[in-house]
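Mind looking over this structure? Questions follow.
Labels A, B and C are assigned to the chains in the order they are written; within every chain, residues are numbered from 1.
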Amino acid sequence: MALTDPDRLFPAEPALRGLARELYEGIADLPIISPHGHCDPRWFAENARFPNPAELFVVPDHYVFRMLVSQGVPLTDLGVPRVDGGATESDPRLIWRRFAENFHLFRGTPSSMWLNHSFEHVFGIDIPLNADTADTYYDHIDGKLAEEAFRPRALFERFNIEALATTEGALDDLSAHRAIRDSGWGGRVITTYRPDSVVDPEFEGFAENIEKLAEITGEPATTWEGYLAAHRKRRAYFKEFGATASDHGHATARTEDLPQEVAAELFQKALAGTCTGEEADAFRGHMLTEMARMSLDDGLTLQIHAGSWRNHSAPVFAAHGRDKGFDIPMRTDYVGALKPLLDAVGMEPDLTVILFTLDETVYGRELAPLAGAYPALRLGPPWWFFDSAEGIRRFREATTETCGFYNTAGFNDDTRAFCSIPARHDVARRSDCAYLATLVATGRLAEADAPEVAHDLTYGLAKAAYNL
Amino acid sequence: MALTDPDRLFPAEPALRGLARELYEGIADLPIISPHGHCDPRWFAENARFPNPAELFVVPDHYVFRMLVSQGVPLTDLGVPRVDGGATESDPRLIWRRFAENFHLFRGTPSSMWLNHSFEHVFGIDIPLNADTADTYYDHIDGKLAEEAFRPRALFERFNIEALATTEGALDDLSAHRAIRDSGWGGRVITTYRPDSVVDPEFEGFAENIEKLAEITGEPATTWEGYLAAHRKRRAYFKEFGATASDHGHATARTEDLPQEVAAELFQKALAGTCTGEEADAFRGHMLTEMARMSLDDGLTLQIHAGSWRNHSAPVFAAHGRDKGFDIPMRTDYVGALKPLLDAVGMEPDLTVILFTLDETVYGRELAPLAGAYPALRLGPPWWFFDSAEGIRRFREATTETCGFYNTAGFNDDTRAFCSIPARHDVARRSDCAYLATLVATGRLAEADAPEVAHDLTYGLAKAAYNL
Amino acid sequence: MALTDPDRLFPAEPALRGLARELYEGIADLPIISPHGHCDPRWFAENARFPNPAELFVVPDHYVFRMLVSQGVPLTDLGVPRVDGGATESDPRLIWRRFAENFHLFRGTPSSMWLNHSFEHVFGIDIPLNADTADTYYDHIDGKLAEEAFRPRALFERFNIEALATTEGALDDLSAHRAIRDSGWGGRVITTYRPDSVVDPEFEGFAENIEKLAEITGEPATTWEGYLAAHRKRRAYFKEFGATASDHGHATARTEDLPQEVAAELFQKALAGTCTGEEADAFRGHMLTEMARMSLDDGLTLQIHAGSWRNHSAPVFAAHGRDKGFDIPMRTDYVGALKPLLDAVGMEPDLTVILFTLDETVYGRELAPLAGAYPALRLGPPWWFFDSAEGIRRFREATTETCGFYNTAGFNDDTRAFCSIPARHDVARRSDCAYLATLVATGRLAEADAPEVAHDLTYGLAKAAYNL
């Protein structure tokens, strides 16, 4: 018995299934391009063993533990740390058992597919996880984790990852990336420039962050010109560690292109902590356009991740902090929001701005029409809740007719769950092949063209969009 | 010839169809749990015959007659009563003929499926309804209605209904429910607490309604504390007649969690009729949180039905009043709207708040992420215009990947058309089995798990969500 | 080898495909009703040859050239005229080559299906277009265009067009339509009344346009009463040239039903150029209701095309003007927006108002519930980015269950690309038959009823909605 169906995610109709399988076979073994994610670079710097099954699969993955929480399991029972440092479950085996006995909650979800894929294809397990098999699973995985072959670098190579981007804040010294480079290990793990903490006037400690930015860069970062120069230096520093992109996680997609003196004035208010909410928002929006202008110079691809109401539950945030599964998508506008940036730089053929959304209604209505016109725009893949079979299908069906395939940017896994990377890319590859097979079978794509498109969606478009 | 296809709503692909049929056979005969609807409890109290085919199928069902209206048939020609008491068509046979000759308007709609199901499976008819067969139909159905076996209680038993909830206003004396109980009949017909008229400052006669509430409960309901106590008493009274839930039909999903003194002040303004629109809205929103707190004490499940612009046509409302097919869905926000309630009680594992929507765009973007995190939340089934084959498919496809099956609450028929109850539950069962079959065939759900999920969706989840 | 699959757009499952094909065969050869589009009436007045392949397929079709622009091809390289009259590519063969070498960008889009359909079925080509075949294509098509059989009237007849509506502004003298009429040619090419330039206070030259309106009609059009009378005269004039409809391309669907004196006052402000943005919007909205009232008198069908942010890119608009592929859909409200008009005339069975949208989220939530209730409303087909296989499927799936087929208005091609007309209608016919086949196979539509519905969707409903 296997946990995963070899024909999973292919259409059920036999002729379609055959077409999809054939396309998939042509691209299944391509290396993984992972240009956006949240793996910890220290894994590859230190190459230490992963501590135990619970800390590999449950505790750090809010995709996973929030589902148990939604059915009444307290966060503390799952070992999720408390802000006050108070007690939480510390026995990984107990955490694992709670996970196992609730594994039915994941039926029909991509999480169950990713987890079963990891269990079977990474750890060689072929029995279903449940309360009865919890300990067998725990012992088996824990045993494997002790082996050399299950250390981060070995898995990276086994996963056939050609390039993996992590994400670091603008003030990060990139010591882990330096350690990887200095180690002489050949894996390509690169960083991404994420300047939210020095771009968002409402970020905790904004003024101090700017002080630190000045210190690190030697630029007078508390003046507007010095501030922009400091960004340029940090971007150059990140590029030394492989960065080919910046990433911006704003609540909305708002952009502005303010006169320099207005931007400079807002910046001073931001430093003084006197921005109104509206002014802070305008400043964040303006900085996206500044970043795009810097991208024109240094070639970094600009990623805009918009639309999440972070830390929606006040009590959960107070008790456990960020990233606990309580980030909820919001309705998001792009048409008006992006106009200032697009009027400034949208027609530049050498700029790449990748748009992500958590609001699927904008695929066909806003994003595909924009990407189907502006040379600077590319559509990022379905993100977060939507990098799933249905999510990918809806994305392709809603965007392809308007902007085609070549205004999209391949797949991102966006994950901090290392073992799920092959599973997630596999889901994307299968889902895309299922879509292409449907187009071929219904006369919407020439059969002769489909393998090339499959290759582009899997490999070529991500490399191009991220200059990898 | 039959009016209904034995394989209706199953996927066309033979292997998928086989899987769906097999799953369906395992749950087709389960009893009906109908935890939310609008049947008249007097039917079961009095057990009188239904008057005639037109009054059974056409006149009271705005799902049905609005379609004829949309093509130019006047409401008065269909016997829909006028506010001024003026003349409307009074010959049920003429109404039936108008309905029959326009039956093609329902092609492709769930109404046609429900009606044909009733015609065939309740009344044993196997010829299509049209102008030619109108009188044959009328005579046949009218004849059946005269039989004992077609009285409400007999049909209730034949429909295999295990529990049927009706909906009564907070001031209702529940005399019909009392009569059912006193009759000794074994059918489980229960009430639901619907306090809109004493919770909404803009409801007609709000202040008088509160006076009545005081009178009924013996509480000083014109004081804030007395008002809350009166609610508690009425909820207890409704529980005596089986209520396991309250229901709240607000235009939006707005909630508030105001300081008690602010709420008390708004309540006094509401009594004085001096609330602004905004204040009335805030008060309604606050009362949802108060109701949720009462639910923590008395265990009633809280249902929020949001998003309908009631009585959209001013002339139709003036001429014919409420519930005439002119309630139109609106764009509805949940993420910001529910935050006050969720911050107050969302993490309570012993509370059940069921969310309904008429805005399908929120399934994946808002509702599933919320229900996939907060223990107190469950998603109600597709509602009103959307309890249909496509509606159910979209609901499952958009929610399952994010919140799974176990954060949903089974099916509701929400109907006042008694004969359509088995048809509607059958549509839900078939649609769910079609979805599950697709998951199995595409490797997203283990075949061994599917029958249990089908059983849960049909029976277990509704019983659990409504404490039935 | 063929460029088009004879079974394109039919479902892949063999039984479904057979059903769809059978339905399609019953309606494939019906004449084309094209009640809304943007062909140039001078083509049929003058019957001159189309100049060359680039000016037939690329230069005038922003559906097509924007895709090349989105990948960095400058508009000027494609021969798109500049506002300043400056140089652009003038060699049609070079333009054609750029188009050919980028033809892969259209993979999976309806554009590729329309273009391949034209290449194969209009021009008899059976090899794929790409850089290698560019010149062969060019020479072949250019040769054909020189033949009598490829002149506009001959193609019109060969395309089996029963009626084709063009769109002219209110001030147009309709000389091309007069020339067609005077020519004695039998093709039915009719006009449509499009009064945006004399209804929208923010239209360039509004006051002068009203002066012209006065001049043309002999009415004192700068008074409110004279202005309405002038509209009535122009509508009558357009009716002389076959018009059966008016068309209104507003940014939103806002309507108003203001007291006459308020409307008159706004009109004077509009003439004086002193309207605020809100007042201009209110005036536009009010004029929709006035137009609807005129329709009650003269029988013109009223079309509302809402939801496009025109000329989104400021630099592209400055350099190249309108209609350059940079019109982007916006979120659009209908429920509140249409209420004033619907309260005024929505219950009139003799009025037809056809609603179009670029916001697919409103299909099920707003438009179908409205059209399923108000006798005056019909739903226009999926429009612009959405008259495609997926767009039509989503439209049918989201609307049919709520408003049925008979509250929809058949298909519009809405195109200025003459050769694509048969292709577009063919896509609609195939997509509708695929949908109907699915309904039949899943027991949602009687097999006996399906051919009649297919005929209605293809032919009957458009003729009825537009009084053709």
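FYI, contacts are C-beta pairs under 8 Å (C-beta built on N, C-alpha and C of every residue); 3 or more make two chains touch, one makes a residue touch a chain.
Labels paired with UniProt names: A, B, C = Uronate isomerase.
Nothing here was measured: the structure is a model prediction, and the numbers come from that model.
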item	value
Cα superposition angle of chain A on its copy chain C, in degrees to the nearest 5	120
Type of chain B:chain C copy interface by residue overlap (half), same or different	different
Centroid spacing, where centroids are CA-atom means, of chain B and chain C in whole angstrom	40
Touching two or more other chains - residue numbers and ranges from chain B	11, 13, 361
Chain A-facing residues of chain B, complex	11, 13, 15-16, 333, 335-336, 339, 342-343, 346-347, 349, 361, 364-366, 368-375, 377, 397-398, 400-407, 438-439, 441-446, 449, 453
In the complex, chain B residues that touch chain C	4-5, 7-13, 66-67, 69-72, 104-110, 112-113, 128, 309, 312-316, 325-331, 358-361, 385-386, 388-391
